[in-house]
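Below: one structure, written as structure tokens.
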């Protein structure tokens, strides 16, 4: 799928794959895709785990906005915005606050047993308000090189944002797959009652995933704001929850919970970002953009669907049959 | 062989799943007005054959002839329309709808295009009465025990005036009375010339009801026989393809245990006093000694499961206390119970047991892992060993730790669930209908296992609709009736009739009207010590 | 107009008895927030009670708000339409209730002008024209083609459409001026940056960026700098709004020209209300006086810039 | 989050075995069950809380406690009610439809542009309903045939609908067609100065039909069945495939109708309207006590959900002094209080 998009680009704009070195760092469309895709990916990672437990988190966008706002507000407030220490403090506080918000979501879902979509919708609405409260509706522009680094800086020639995303992704993968976390999360998502009877601590897990998801959102928020060195409470992370969920689902994880694939999520996030960048580079007129997106998403799904795979795979008569089995087996 | 042409004739049926050849050129036929029994070990292909017939699975090879014309159904709906009514193996109903709807859904009587609820309920009530099950048709199905749900499923199948009725292990969690009811109904349908396919792992039931048998092994046809022409021992041999020696052996050893020596039971492990839960069970006292196997007998709905769940920490008792080795403990959650090495294996394996989308390995280590906590993962190697050892011990098929549990046959799923609980090395193992849907060979294996573990000091609380099984394994038998414990007696050569009497006593007019009670055929005289088939029930 | 009728019937009220309902679009941008703040402040000073509601960018919410103002029986209603169309129904209700309505910032397109007393705001097309004019003069003696890229506002939003239109009109006079790419940056910095990045990759030699608001322009600056170019010199930048950050960039020479679109409507709005209250009449269409800024003007204007 | 259902504390059939007259007991119990069951509980609680909220508003603000304020909840939310009805069908099957908001905008655009082009309403309205139903059909097929997850399938539909809006026209188009204008301004007096619009009547009719379909037709019951367990439904021989596709057609149709009502409301087509409305609809349905996992819930509950959201909006505008951000926070807070009360009370009753 990603491949298809790449080809489209290549045809429309030969320079697409060219990666050059400009003032000591990599430069090119692919780098842009990675950098701009980083926040979505980061959030999608957290979202994957939430979805694996049959949950969903709509509040990530708002949380991102809050963490961005907090970070900028602190940096603005400090005597020397330029010092790394200030930035460190700002980011840590931002993350700290977001963790609290994550616990809050976890509380609503795990303890009060409110349906995740509603539980997180509350924070989605109120959260933006809080973010705007912090920025008073203005765009807080900070002049702080170290902060800016986080969003648009480069390290060893690679975008810092990408490095952060990579680290977080790896960490999540290791944490869930090297320990039993992944398996327990999945079992809760597949059959909660059976898991309970098997002694799985569902409540703890739920707290965990929602908090982790908020943590991801916080980091994404910092990157998003650092990218333009300005906290825009209204637009930071607006609709990013949709992108994140879409990334997860394109990645092959079912919203019904259960088996999840972080690798798939990675691909999903890249597809989405590539799609966006393609629209810009190829110069698809804004009015046609949505239709284009619709077409792409549809094609992706149909290409992924088992039935198509079989149809492509072979022409044996018994194929429709298999689909039947698949359905019955589920 | 009957002269008339068969109603259903399947020829050379083959079905292949990724990795498994579930059916391999199987022939199968049914005649009008006969009860035909499909026999075979777990995973032999019985359910698959049924699903092939009703169009759940398309077939990769072979032909299906219904009546005179060849058919290939695209789904159960079509099969139903063609007069094939089916009760599939696991209860497949809708917990979120009322009992009445579960029975009538899709066939509700209508007035001017809109469903006539009164009529619907009336019809449902009739059908339930037909099975002598007296429950409120408007109650939610999900509130009922598995057994009841199974009966509801049967009632639904009865409503379709079919020429073919398929029952895939309908009796797995019913006990004598319900089975009797069911057989009564089956016989009358048989009179009306309906062809009935009856799958069960209970030889007694098969021999009682079936006219003809078809035996499958590993997806292949072994043969078709008239029931009265084949001896049980031969049948078993054809099914599992090995000698009965091992079973004989178990027979002797379990006997030995039942005569078991006192000091084995000396030390109390668990002592439940007056534990109960409003609306579920009256307070009961239940002491269990180390190495003791306590059987819990009772009619359907008598509250066995409830008691088990209270002790297993699944439900919270609202009265009474539990002592482990003399010191009081609270078992509020399964976690706490498991921490004390008390394991409860649910009677409802699909909804409360297996985690379908996880592999056999993951399912086996789940409880153990959960108990260790996520940050102390069981090393891959250890997991592999565990999985392999239980796959061997319980002969789980396919013997592939990576297979998804939901793709296993019913019986094999049950084995996986059992393996999960054995894996935590419990001190008290609560087994609620552990042999549900398990074939003879495996059942013997499991019984042997229980006996072994008990000998090594593990306590067992054993619930089974099969009284023989209960009697064979347990040192003590506690009897439940109407959510009360009515008796608790040491099992020294206790007979099935005595137990039946205890269970049904006085409850005749409450639980099931007299005629039902009288109609209930207590299975042929209890096992004479030497009788090898004792193990086969 | 209905307004006069109402005010005559009720006669002049003491200002502190007046209640005015103001239905704001939302708080979707710094500009909007500045606008809200200014209006609230102005009424504060005038001692008039202002009921404020935020429609969260939704017309239906705004209609609801206006309805509830009618129920609450306010003396005047002012609102900035989310969109020009579709107000007749609710405005008729207001008229029926004898509540004069004043439009701010954006107009409505209803044929029946008696539905509202006055419109107070900017002319987006005019803004586009001003921007275009500067470009036209800047490249008056251009011989070879000038590559212009446009960062549009939110697709479908009135300012985006009008600013594009006005701009296009003017630059069409010189065929050397070509808009080689035009994408929406949703009026946000992030959007502007991302779009600009992509455009820079696709089109090697861009001469000028026309952004529909400062924020997108500021985003573009980031992208240009990241590409190792110098904004304001290698690539010239023209934007609309003149919010503080924009003016700063202009002063720093990163932006070359800004067309003002003032959010400070409060003072004028209060005037309108008081005039009506005293039974006077007001112009049906009042365009806020707005200038344009070059670097020099920006430098001197910057110190006393409230927003 | 999970749909697991605890048995009602009364052992079904248990008691009635003791007492001789099961019929009576049964009737008694089912009456009781209505109150305590996880099925009806939430809806009733929601109703109670709604009334409470309304009273609170009445006490707090002047002019609040009037019939008109209550009726305006319907007037202003007629389209949302229709949307919620369609959404209820989808969610009951365990699916979700994200496209509704965009479809509302699209049908608005179609209406506006066609009317502008001189077509008559008698053609335009049916055409819209057909088109949106077809879109729903396509989505349904995509979900069923290629088993694409509803979330993506409908998200794609959302992109498509939104995109088509822009294709039709970037800027908003106003509607001057006399019929539409009439329908927009007409007020049906209910006495006491209170009045409603034709849209309200349409919405109420839609709700009535939906209730009938869901509770009195096999299709309706199959919808619930799908939510209970698609697998079981299939094995029980129910028309799973047809039903699954049909619910999306229903949702599409409702979205189209809602779009038409919305144009009565705003007399214009605007590509950017109804952004995020799908969330309102979903929220309304879920607040109304329907489980997102499917199987449990009622249309009337969803209507209540809409009214609750509307009431919150009204309270906000009566509050009148809230800044933009406090507005958001306030909405969230009210929602929170409501949900928590609802939750706590329902679990109590269980």
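Each chain gets a letter, A, B, C and D, in the order it is written, and its residues are counted from 1.
We adopt the following convention: a residue touches a chain if its C-beta (ideal position, glycine included) is under 8 Å from a C-beta of that chain, and two chains touch if they have at least 3 such contacts.
For reference, the UniProt names are A = ABC transporter permease; B = ATP-binding cassette domain-containing protein; D = Sugar ABC transporter permease YjfF.
Values in this document were obtained by computation on a predicted structure and should not be read as measured data.
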(request) Count the C-beta pairs in contact for A-C and for B-D, then report the pair with the higher count. (result) B-D
(request) Quick one: report the Å distance separating subunit A from subunit C, using the average Cα coordinate of each chain. (result) 33
(message) Centroid of subunit A to centroid of subunit B, CA atoms only: how many Å?
(response) 46
(request) For subunit B and subunit C, let me know how many angstrom lie between their CA-based centres, rounded off. (result) 73
(message) At least two partner chains per residue is the criterion; list those residues in subunit B.
(response) 56, 75
(message) Residues touching two or more other chains, restricted to subunit A: which are they?
(response) 132, 136-137, 193, 286-287, 289, 328, 330
(message) I need the residues of subunit C touching at least two other chains; which ones are they?
(response) 27, 33, 36, 155
(request) Kindly provide every pair of chains that touch. (result) A-B, A-C, A-D, B-D, C-D
(message) Could you list, by residue number, the parts of subunit A that touch subunit B in their complex?
(response) 178-181, 183-184, 186-187, 190-191, 193-201, 205, 258-259, 318, 320-322, 324-325, 328-330
(request) Give every residue of subunit B touching subunit D within the complex, in rising order. (result) 56, 75-77, 79-81, 86, 88, 92-97, 101, 105-106, 108, 110, 113-115, 134-136, 138-140, 142-144, 148, 156, 278-280, 301, 482-483, 510-511
(request) Can you check the complex and tell me which residues of subunit C touch subunit A? (result) 27-30, 32-34, 36-37, 152, 155, 181-184, 186, 188-191, 193-195, 197-199, 201-202, 215, 218-219, 222, 226-228, 245
(message) Help me check something: in the complex, which residues belonging to subunit A touch subunit D?
(response) 53-55, 58, 109, 112-119, 121-123, 125-133, 136-137, 192-193, 206, 233, 242, 245-246, 249-250, 254-256, 286-294, 297-298, 301-302, 304-308, 327-328, 330
(request) Could you pull out which subunit D residues touch subunit B in their complex? (result) 3, 5, 7-14, 16-18, 22, 25-26, 29-30, 33, 37, 39, 212, 215-218, 221-222, 224-225, 227-229, 231-239, 295-296
